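Take this structure, written in structure tokens, and hold onto it; I'll ask about it next.
To keep things simple, chains are lettered A, B, C and D as they appear, and every chain counts its residues starting from 1.
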């Protein structure tokens, strides 16, 4: 059965029971729409408490729109944002950030293991130079944590980047589609990882963690907060029956469920990594820190796994230091809250041949 | 208890048990994301069968985005769309259709009881004239069925408009956020109300009918179909865990549940209308055909209802033939699948004083 | 010879000798591009002196872009502007204001003789209501002076509108594609007609007055000034060899040439009006105040004029109180700096039959 | 006198006498506006003859808008264009191509001496992969000829790129802001350099060559031609008194004036190069082929030149193989039609110390 070895994506998973039950419990009764309900207010308060600071919280429909609308809230006309060349905002959102923030450009920066470095960023901003009408004005930096490559910025790394960003008068956005995995990996607090490290706007995504459709933009300061309700609505992203998003957030944030789900996913990725790393012909550029790993494996191994019903994607070599080479193929394996240890073990057994 | 006299909006209602159960049933297991799952394919087939013709079906996050992206699929650069002056696309979407379809203009047309007339539309298109680079090119007409004012276009009316629209080489869009109510009111088939009457693109909304978040764009022809996946994704409207939208559609379309829910809502609106019309000082411009009604009532009556815990909106007089006048106020009352007859009767009893 | 009875448009005229000579004089030598030349700085100072207040001046390529970029500088996300239903921004710019100011909506207001009234505007803004995410936020009013219909707002009328606009926290834009004609007609100062009456942004157009391509946006306050260089450049409207625009402005503003040219055009329109008004079967809704007039004339007269080589446009009846009726046709006749009295007299002689 | 050693930019030059005279000659008389005049039709015919094929010609206000609107005509929703990382569309247009073509992304490609290579492009397109809703669809390639770095693609190089582009179903745009310099450098025909080599859309710029404001988009096929009038007008780029643009084009294209002006500018660049290359401490990555050169020179030399009144820009080292190093600085020197040999020689004398 395919599902037993399901490592294609964390958004191929459904939701845990707690979320399903919360949604069912929210089915009855009349409550105001468009975010004016008590449940949505309660989630906002919960998020403020979680981060330990005043926040503005705005649900949106997708992670792409969370990123795009965050940038549109931070970037003025003629603004330029900077992102890792492999960032989701660059490569996987059909240019939504450019479309929803008209006239935005996002410059790509290299960086090992899917991460920006503070030094590399600073040099790039120095090269870009001060605001000029021709090349535009550097306005924001966006980083992804956990990254597309399963690596994680620690709070010190984010803070170092935050100092560069604010030192130059820019704003910092974090794509937190897998924030839970980053927090689970580092053990630091949401506050340490975000506003205390200089993050101005966060795409706070819980869909991949274990929601159906649970995405919010969290603004930590004034910038963009007054405009955001209009930015969201004019993009068609104000969900009418917002109570159902609130139900998901409430269920996932209660008792740190979101962090426990992410810790499980991370652990399953570690288990996969440990098992694969021991196999001949398998190599990694770097160990996974979150819930995704990218082994280069013998082509025969990949074929054997597919034949046995495992689900995963082959992945381009770009962005990795050591190429897979002609006889191997690079895979992306993603664990989720729903991944079970026996699934991992069976996958490893097939891989071992 | 407030909920007992809840007539504020049909999107203040939750979901019926069948939908809640379908969502719970979809919680487990791994399925492909972004619409590549079997459930989504099955819903597309179900919708094709429902309309009796080939269709392209695209889930989107909201009714606003359904309308906006439909228009962006139908309208070329320099294009102008035409809508009733009270249409949701004009007045209630924070300009989302103009933002998501860059450069679109929507011209407002008057029309009694919230409806465009074929004759009035034809005259307006004649006045607008042929494509000219200065005023742009007439490209699409959008109508709402059921309308914002609780009235309904019958299939003959849509067809008359469709003939005008296609006779001039334009495209026809229907905002079907309350299509179920229109079908329940008229008894005609989905096909008769849409493509057989000339509709090229439909915003097929089931959220107000009884979903959480169940909106789709249905294209009946080639126009825009190849571009739509990109139009949707670049607007951030491709939902990742699409199976949960499919679960709602599947539950609502099974055994005509959607039509039965809408018929119930319509009946509750009729019950309200019958009761209110008998009260002194209450008048209607027109009888409700769908699930909303707009009585002008004595201010004292409105105050009495509010004091008793009834929920409703006061509504502007614009668009109604007979003004409420200084001593009365116009109300909007909306029934939903969740409205119960005793709620209506209690409301009427309070109204009677 | 057609040119002898040329009343099609003031942009069918070329330029007066002074402008042609100024352009020739600017041909030689090297000067910085993109507005960094001394000549452009001098024009900015000249415009500041003309208006008697600090200003920000930005050349743009066309009147459409002047209007569109002015609005984009004044209107925040979700903003709605208000304009006369016959305004150029609504009907003649292929939606450029909506495209260059993404997400902008412009609501149409009626008004006699092509003009908004302060009272009508105030009522419309009251009806529109306070900022709400659904209908958006009223942000700006744009009026055209002289209007599309050859009428003129006096400074008191602008000031009355300005009080309504600012009393509600909105911004006021004036489309001054024919500002010179309005000033010549009223005799008031540029300051009285603009910032002293509450205008925040002016499309200061001298092309129709007697330039080749001489359009500027003049901002009277801080709003939008810091963003404007970027708004302009990202729309492709930063002209490289700006000295040639400066040469036109300098020549036209020197010794009040622009006002003298406009006074001449206005006088020619008056001469046409006086002559036509005396002819049987000719009627006007209102007398011309600027350089355009809109007589309803017998169809035979129109045919006679065309046959004799006169150039003019037939014009829609919409916006006029008295319809032309079946046997007559409404014409638009526009005089320019290049219109000569004998041309007018010959036209009148042919019209008289 | 500064102007005597003026190498800052070719758009710091004015216009040659022939252009000034043509503009003066166009000053009188009435002709239709918005491109409907005989002179504009004649220029279109002249351009068709020049290229030896049917073309659609559209004047626009600036080179930035020529590039941006060309791309908007070639790229569908979700489309991605590819350009050299140093291309003007990427670095010098304040994101105008992204703004005027909403949702466009332009991917940067490296390439020696400011040029794309056919092989590098093909590999990049292969890496990008087929259309997918997440990363979008590769749609167009844009190259600049002559390049920003004063190098030139020969017709064979363009044709090789054209084969890659069309072999993958994409469209090819050429930014020809300095097309004249490229043609003068290679001696090939306009046809060989453009449509015969696979170019679908050309930004045909004559402003830098010797116009005031003389930019056109030339489309060689059907793609985008029907939409272009609307794309242009909605961006505010339809110039009203188009006769003045036509006068410039007519004067410059007559008797190959444009090519002679460009040949002169190229020759002055060669003269500069020959002189500078002989000086100690001066080096070039590559010899100039068009009218710009980028020597790395001792800082003392640069200071001496500035002190003597020479005008030029210091230029970033990025994009050059050999860095200037700590004691030197890279300069950009641009010659124009107005550069005189004695200016060059004086510059060289000062440089020699």
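The working rule: a contact is a pair of C-beta atoms (placed from the backbone, for glycine too) under 8 Å apart; a residue touches a chain by one contact, two chains touch by 3 or more.
None of these values were measured; they are calculated from a predicted model.
Peer 1: What chain lies farthest away from chain D once each centre is taken as the mean of the Cα atoms?
Peer 2: The most remote chain is B.
Peer 1: Please state whether C-D or B-C has more C-beta contact pairs across its interface.
Peer 2: C-D
Peer 1: Quick one: chain B and chain C, Cα centre-to-centre, how many Å?
Peer 2: A distance of 41 Å separates the two centres.
Peer 1: Between chain B and chain D, what's the gap in Å when you average each chain's C-alpha atoms?
Peer 2: Distance between chain centres, rounded to whole Å: 51 Å.
Peer 1: What's the distance between the Cα centroids of chain C and chain D, rounded to whole Å?
Peer 2: 34
Peer 1: Among the residues of chain C, pick out those that touch two or more other chains and give their numbers.
Peer 2: In chain C, the residues touching two or more other chains are 34, 78, 93-96, 99, 102-103, 133-134, 136, 230, 233-234, 238.
Peer 1: Note which residues of chain C are touching chain D in the complex, please.
Peer 2: By the definition above, chain C touches chain D via 2-3, 6, 8-9, 11-17, 19-21, 23-24, 26-34, 60-65, 68-69, 93-96, 99-100, 102, 207-208, 212-213, 230, 233-241, 243-244, 311, 338.
Peer 1: Would you tell me which residues of chain A are touching chain C in their complex?
Peer 2: 34, 72, 76-79, 102-103, 133-134, 136-137, 227, 229-234, 238
Peer 1: Name, in rising order, each residue of chain B that touches chain C in their complex.
Peer 2: The contact residues of chain B facing chain C are 78, 80, 91-96, 98-99, 102-105, 108, 127, 133-136, 316, 318.
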